[in-house]
Amino acid sequence: MKRRTFVGAAASLPAVSILSGTARAQSKEIRMIESGGASGESIQKGYIDPLFQKTGIKVVRESPSSLGKLRALVESGQTSTTLFELGSGIVLQAKKLGLIEKMDWAAINPAPMFPEAKNEYGFGYSYFSTIMAWRKGAKEPQNFTEFFDSKAFPGKRCLPDFPHYCLPFALQAAGVPIDKLFPLDVDLAFKKLNEVKKDVAVWWKAGAQPPQLMKDNEVQYSICWSGRVVGDPAFGLSFAGGKADLSFIAVVKGSKPEDKAAANKLFYEMSLPENQAKAAEVISYTGPSPELDALLPKDKLWQFPTSKQNKAVQYFENAEWWAENGEAVNKKWEAFKLSL
Amino acid sequence: MTGSGIRFIAPLLVLMVVAFNAPIVYMLGLAFWEKGRGFTLEHYEGLLETPVYLRVLGNTMRIALIATIANVVIGYPLAHWMRGLGSRARMIAIALVVLPFWVSILVRTYAWIVVLGNGGLVNRFLQWTGLTDAPVSFLYNELGVTIGMANVLLPFLVLPLFATMIRIDDRLLQAAASLGAPPRTIFWKVYFPLTLPALAAGALLVFILCLGFYVTPAVLGGGRVPMISNLLDTLINQIPRWEQASAISTILLIVTLLIFAAYRRLDRKASA
Amino acid sequence: MSDIRLEGVTKRYGTFAAAEEVDLSVTQGEFVTILGPSGSGKTTLLSLIAGLNRPTSGRIFIGGRDVTNATAQERNIGLVFQSYALFPHMTVLQNVLFPLGVRKIGGAEADRLARDALKLVRLDGLENRRPSQLSGGQQQRVALARAVVFKPDILLLDEPLGALDRKLREELQVELKQLQRTLGVTTLLVTHDQEEALSLSDRIMVLDKGRTQQVAAPTEAYLRPANRFVAEFLGIANFVGLPDGRQGLVRPERVRLSTNGAANDSGKPAKIVEAIYLGQMVRYHLALEGAQSIVAAVPFLGTAHVPGEQVTVSWESADIWPVT
């Protein structure tokens, strides 16, 4: 309680906090838990390496990140890990559970960012899309109504085993336009899913599954993360009706002030468009700078979730709705899975 | 003697209790304890109100039972066949049974995709011989999960069973033959009863391990075979509702203990 | 009840002959022991008769029936192992009922037969025990009861008393003999224990390296062995040179000792090397002139010679048996 009031007070007094930020001792090494794989590599190359060159601060990465792990960290009272990667919906849950600190945006003093990335409780560092993709040679759907129409578009499907992905896509298939998806009509979504479930061979849990299953010809159509399929000639894809979402990095509750000071330095590096361009070389996800497009290779703009042509045809994740309804929907999801 | 023995073993006991037992008790306690409100049964009430979690538990039991039966049907003849081998062939057979232990469970599980997938070895063979036109769906259903779990757990059944079988004196079987018993009678009246305790213990072990299986149902079930550990993963890592997870775990633990108690009773009756 | 006949029975494992051209005829009700050192092929022979194994050549007849290629189940043989081979998961009574059940004898009749068999081996009252709750001697009695309860044509015993201690073994030898006499069952016993063979059998068959050495009554084989192997295998053998150049066997109990010089013409001076007190007997190891040693067994009558004493040893010429 005391700490929170202190942080709040510091945030309300930017001048003081900047002063104290420079004066306060600053750790030479902090730890971060992120989701691993190529996105972890992109954090390393885009932000951690430049930070080390400029300041000598080391950031040690671990993976994977899950809300359960964060809860275990905080409840055990440890302070060794400062930064934690969370999905957009998870940031709200973590905030509710008191697992993350408020961001000290004044101390970070970031370069210009999209407003949704500058969250009170997290730094939105990476836009990613969940889109439809298919094995090259399969008939190409234009939208999710066609994607789920197995008569006109024969083949097995591979869908995420997560309700917050599947439900909005099912609603699109039922004819709901992308700007009217939320609040979700859960019953209609499950009704549509019940119609199409016979065509779904695999419900995936790991992002690596759908591209592999399409390559093995186990399935012909997938809903998957854009970064896993763009640029691979074996697949066709479309951003139409896709879900744009944002990954956040947050500060673990109870972190030491000197670790937080070092973390703020990293957040600053993460706000710089030139660093975000470096990260985008590793994975085709994009950072939150409005000036980033200009720094990306022109011929690859179509691959990125936030490029103008793609951002317009996608809907944006509604984390608030999921924070409210997630648990109830999950029970229905388990019931649905039992009916497979 | 015993006193000094306890002294030597005490650090290990403390380690076990602190590192292993205490966290489990803490996890189980979560289901009964709400921060700031004290004792509560609401998480169990929640389970009863949304029976979907209990149905997943029931589904898990059913699949575990099928996988166990499959294991018994494959493992018993295998162990029996190994008993009859010469010592060199027996060594090779044991090595082949144990070999999968040295391979990561993830690799073993993915290997089944290579074997049983639509473009896998089995389907290509079936289509080549003309037995089927379209690929047979071995994977991403209960069959795939059962095959995968039976494979992964087979050594747990075969090894103790085999150890029991080779301890059966051949003269016991010869005595039965000389007393006039035909091979079928020798098997069912002498051989099988002597292997039954090991079979039951092995099957129980396999069943309990099946209940907690995560990787194989996740990969080979294609997300279509809901099992309790995958549900617990969601409740612990994604939602996270540790209290609910704890309540389900408690029920799982009680059911497992009941099965174990029933087995012990049967076993004691059989050997009394 | 039947007789047993072996004709030229041979069992080879590769080039190794476990049994070579063995002939044997056991008459109905007879008790015959196959005696030999370990590796002599005696257990092989028994397993061939029991049908657990097939001979490479030769024929086996039981009760006049050629059973050479019959299975163990078809031979109606009572078989008792050294290791008892009781079914550990069955009670004593269930063990004895087993061969009856196989023969479709059930109910009160089976129960009566089984209890009679157990009474015969003095185990009545222990019907509901498990084998593991019995002593070795009791277990072997159960095995016997189980082997005779179905009135087998012949009884085969494979070192049945080998696992028991000496006192128990002697007790059970007596019981075994009585049981065999009561039932009148043709019995073939396999043992390496020559005392057991001599005390139990009507006739013994001495086997070495798969070949028959002698088939004879125990006293006959003991006193008039067919060859040197039999002479040495059955008890202690003294060999003395004969005028014709052959060797003669003199058993220790036929050797006489005296202290008063040459009482008869064949007396030889000897020195006591060792005196071993055996209860009713004293066994002396003596050194003759020319480093030849000799063993004498003399009834113990209160006094004994001591090592180092000079004595005279002698034997009757009728007690010498020439061996080849």
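As written, the chains take the letters A, B and C, and residue 1 is the first residue of each chain.
The criterion applied here is as follows: contacts are C-beta pairs under 8 Å (C-beta built on N, C-alpha and C of every residue); 3 or more make two chains touch, one makes a residue touch a chain.
Computed from a prediction, not measured in an experiment: that's the story for all the values here.
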Centre-most chain, if every chain is reduced to its averaged C-alpha atoms: B
Chain of greatest Cα-centre distance to subunit B: C
Euclidean distance of C-alpha centroids - subunit A vs subunit B, Å: 37
Chain centre separation (subunit A, subunit C; CA means) in Å: 89
Cα-centroid distance, subunit B relative to subunit C, in whole angstrom: 54
Of all residues in subunit B, those that touch subunit C in their complex: 169, 171-172, 174-182, 185, 189-190, 193-194, 270
Interfacial residue positions of subunit B with respect to subunit A in the complex: 50, 52-53, 55-56, 59, 113, 117-119, 137, 139-140, 218, 222-226, 230-231, 234, 236-242
Partner subunit B, residues of subunit A touching it in the complex: 66-69, 71, 93, 161, 200-205, 216-218, 326-327, 330-331, 334-335, 337-338, 340
Subunit C to subunit B touching residues, read off their complex: 50-52, 71-73, 75-79, 81, 83, 85, 87-89, 98-99, 102-103, 146-147, 150, 156
